[in-house]
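What follows is chain A paired twice: with chain B in the first complex and chain C in the second.
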Partner chain A sequence: MLKRFRLEEPESVKDASDFLARHGESARVYAGGTELLLVMKEGLIQYERLINIKNIAGLDEVKLDDGVIHLGALATHCKLASSTLLQERLPAFVRMEKNVANIRVREVGTLGGNLSFAEPHADPGTVLMVLGAKLVAGKSSSRREIPVEKFFVDAYETCLEADEILTGIRVPLLPSHSAVAYLKFGYLERPSVGVALFLAVDGGGKSIADARIAVGCVGPAPKRIEEAESLLKGKGFDEASRLISKAGEIAGDASQAISDLHGSQDYKEHIVQVLLKRAFHQAYGQCQPGGKGQGGLHG
Partner chain B sequence: MGNVSQEERARGGCMAKVTSKRVKGQLIPISLTINGTLHEIDVEPHELLLDVIRDRLGLTGAKRSCDVQVCGACTLLLDGRPVSSCTLLAFEARGREVMTIEGLAQNGKLHPLQEAFIEHGGFQCGFCTPGMILTAKTLLDENPDPTEEEIINFMQGNICRCTGYKKIIESILAAAKKMKASSSRI
Partner chain C sequence: MRFEKEIEILNSKEKVWAFLWDVDRFITCVPGCKEAKTVEAGKSYTAMMVEKVGPFRVEFPMGIEVLESQAMSHIKAQASGSDSRVGSRLKVEIDVRMKEEGEKTHLSLGVTVDILGKLATLGHSIIKRKADLVMEEFAQAIKNRLEGVS
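Entry: the complex of A and B
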């Protein structure tokens, strides 16, 4: 059961940040509550105050802003999944959002809450990492942009300062002839392994112009695997296809997989390799000129 | 709830105003519509919607089961969308419309989904059924003619431990067909 707490409902980021500064660790930001309330119900953590930020206007907007896609931190998974802007510009992100948890969690849970809570078995952080997204954090008197790679510090731990609030996520538009694939595997209610790949091909579609790889869910936090990316960059398709198993092996090794209820470390590393191979073929097919692509459609 | 009639129960109990007995802590006055009836109640911040609906308003169709938003037995519709009331703070329902399974039948006539679940054996013990039917209602409201695959995808967060999913899927398909036929007659 939930223990009693007080509720604060600020109407600006500044007021919310002031509450956090004033109450320190006895207060926590509350948005959808789909993660936070679970641990509070279990009695694993208690707060004297929850700061409901849903009354702050404009924090749930999804829009194209100066050539960048802006995802408001309070946008729910359902809102993101049904956004026509995202369906057109970031279909891989929409596919991921459509498969977060279940319909009830997607209805209430927010993207910002998902990222800020930093539960390791989550999808969005891994995908945002290969999209080159930046997270916008605000407090009373300032705001800053944080690359996703720097945001996650450990399981349930981010680099947000005590009085900072995640207000939005900024995602650059995909370049031409590029695509993103995100594949996950799991048999429990949360994903056990998630692999995201951004791939760009050259104009003729014969070689890999750019690649970004991230692995999530297997360890404490999603992780970008640049060693595996460099193996693919600049290679022709045939050579990259031969090297993708090796890239998967590197990605598995570097993913900081741990043995837990979801599976052993070896098992997870193997699944990373399998998923990366599948993601490579899926993304490559989509970023071909004329393919059912993403960046390719809008380049 | 004493002698509360079925009809009153479906409206959310006989009391128009239900006040929290607790004296300490913070009370938030909220007004919400439950199955078409406006209620004004005071809730504490930590109260869960499921507890308010079941224990204070006497609507016991929604069930507490997994308590972690996985099984769907506590499903309610909030402004027509499914939520896990076991993990939703009650104050979040302020100014909104809640539908529980008790509010689905209209003027004593069961909803086509309820009829289909009966006709096609879509339940055995019935524990998951209110959540199944309310989730299926959301699906049919947004997609009146779903494929079997679309039903499986949409309903994957609602778990049944005894009926088996085949009969549930058959029931939803049958309800969709029936609703489509009746709407084309109008």
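Entry: the complex of A and C
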């Protein structure tokens, strides 16, 4: 059962930040509440104050802003999944959002809340990592942009300062002839393994111009695996196809997988390898000229 | 959850053994151990363990019983405690074996950790990772103290 707490309802990021600065660890930002209220009900954590930021205008916008897609931190998973702009520009992100948790979570859970809570078995951080997204954090007197790779510090820990609030996510448009694939595996509601791949091919579609790989859910936080990426960059398709197993092995090793009820470390590392291989073929097919690419069609 | 750790310390077996029984010095090497008291020397102790994973904080007042001890060779102990605030119980079994190898002393730690109650809902992997980090920090700290690094 939930213990008593005071609900503060600031109407601006500055006011919310001031509340956090004033009350320190006894207060926490409340957005969708799908993770926070669960652990509070369980009694695993107690706060004297929840700072409801849902009344702050403009934090749920999804828009194209100066060549960058802006996702408001308070946009719910459902809103993101049904956004026409995202369906057109970031279909892989939309597919991921459509499969976050369950319909009840997607209806009220927000992207910002998901990222800020930093639950290890979450999908969005992994996908945003390969999309090259930056997270916008605001407080009373300043605002900064944080690359996703630097946002997650550990399980349930982010680099947000005590009085900072995640206000939005900025995702660059995909270049021409590029695509993103996100594949996950799990037999419980929370995924055991998530692998995201961004792939760009050269104009003729014969070689890999760029690659970004991220692995999530297996360890404490999503992780970008640059060593595996470098194995693919600049290679022709045939050579990259031969090297993808090795890239998967590197990604598995570097993913900091932990043995748990979802599977052993070895098992998860193997699944990373399998999913990366599948993601490679899926993304490569999509970013071909004439393929169902994302950047290919709209870059 | 079972953890094993091997620690090589550049110091004599006698010094290492004495350190293990010096409660005030020893607890400075145990991450999260805020205070410890001797109830009956060589047999029974109490300690307060405080740990944090992100926003989650637990406090376990622990009772520690030494089950077996053979001078300069091994110690077997059991510790248990409950955090009533989060409704969780922690039980730890520790097996320490030591042997001298030239100028070094080799410590083999075998630790079994059981966490029961709501804390377990955080996830086995997170708890295991935290315990791994604690073991690693402990190993480094005890090495540093006995080798005079700090």
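Operating definition for what follows: the second predicted complex is superposed on the first by the 299 of 299 C-alpha atoms of A that agree within 3 Å, B and C clash if a C-alpha of one lies under 4 Å from a C-alpha of the other, contacts with A are read in each partner's own complex, and residues count from 1 in each chain.
To be clear about the criterion, a residue touches a chain if its C-beta (ideal position, glycine included) is under 8 Å from a C-beta of that chain, and two chains touch if they have at least 3 such contacts.
None of the values given here were measured: they were computed from a predicted structure.
Asks: Report for A:157: first if it touches chain B alone, second if chain C alone, otherwise both or neither.
Replies: Only chain C; A:157 stays clear of chain B.
Asks: Please work out whether A:84 is in contact with chain B alone, chain C alone, both, or neither, and reply first, second, both or neither.
Replies: neither
Asks: After superposition on the shared chain, which partner residues are touched by A:141: those of chain B (first), chain C (second), both, or neither?
Replies: Neither partner.
Asks: Quick check for you: in the superposed arrangement, does A:44 touch first (chain B), second (chain C), both or neither?
Replies: second
Asks: Taking the superposition as given, does A:104 touch the first partner, chain B, the second, chain C, both, or neither?
Replies: After superposition on chain A, A:104 lies in contact with chain B alone.
Asks: If we overlay the two complexes on their shared chain A, which of chain B and chain C does A:259 touch? Say first, second, both or neither.
Replies: A:259 sits against chain C, while chain B stays out of touch.
Asks: Go through the superposed model and pick first if A:7 touches only chain B, second if only chain C, both, or neither.
Replies: It touches chain B, and chain C stays clear.
Asks: Enumerate the residues of chain A that count as touching chain B in its complex and touching chain C in the other.
Replies: Touching chain B in the first complex and chain C in the second, no residue of chain A appears in both lists.
Asks: Under the stated contact criterion, what part of chain A meets chain B in this complex?
Replies: Going through chain A, the ones touching chain B are 2-7, 33-34, 37-38, 41, 50, 78, 101-105, 107-108, 189.
Asks: So in the complex, which bits of chain B are touching chain A?
Replies: Listed in rising order, the residues of chain B that touch chain A are 24-26, 28, 44-48, 67-70, 72, 75, 78, 81-84, 87-89, 91, 135, 138, 154, 156-158.
Asks: Would you tell me which residues of chain A are touching chain C in their complex?
Replies: 25, 28, 39, 42-45, 118, 120-121, 154-157, 219-220, 258-262
Asks: Hey, which residues of chain C end up touching chain A in the complex?
Replies: Residue positions touching the partner: 53-57, 85-87, 118-119, 121-126, 128-129.
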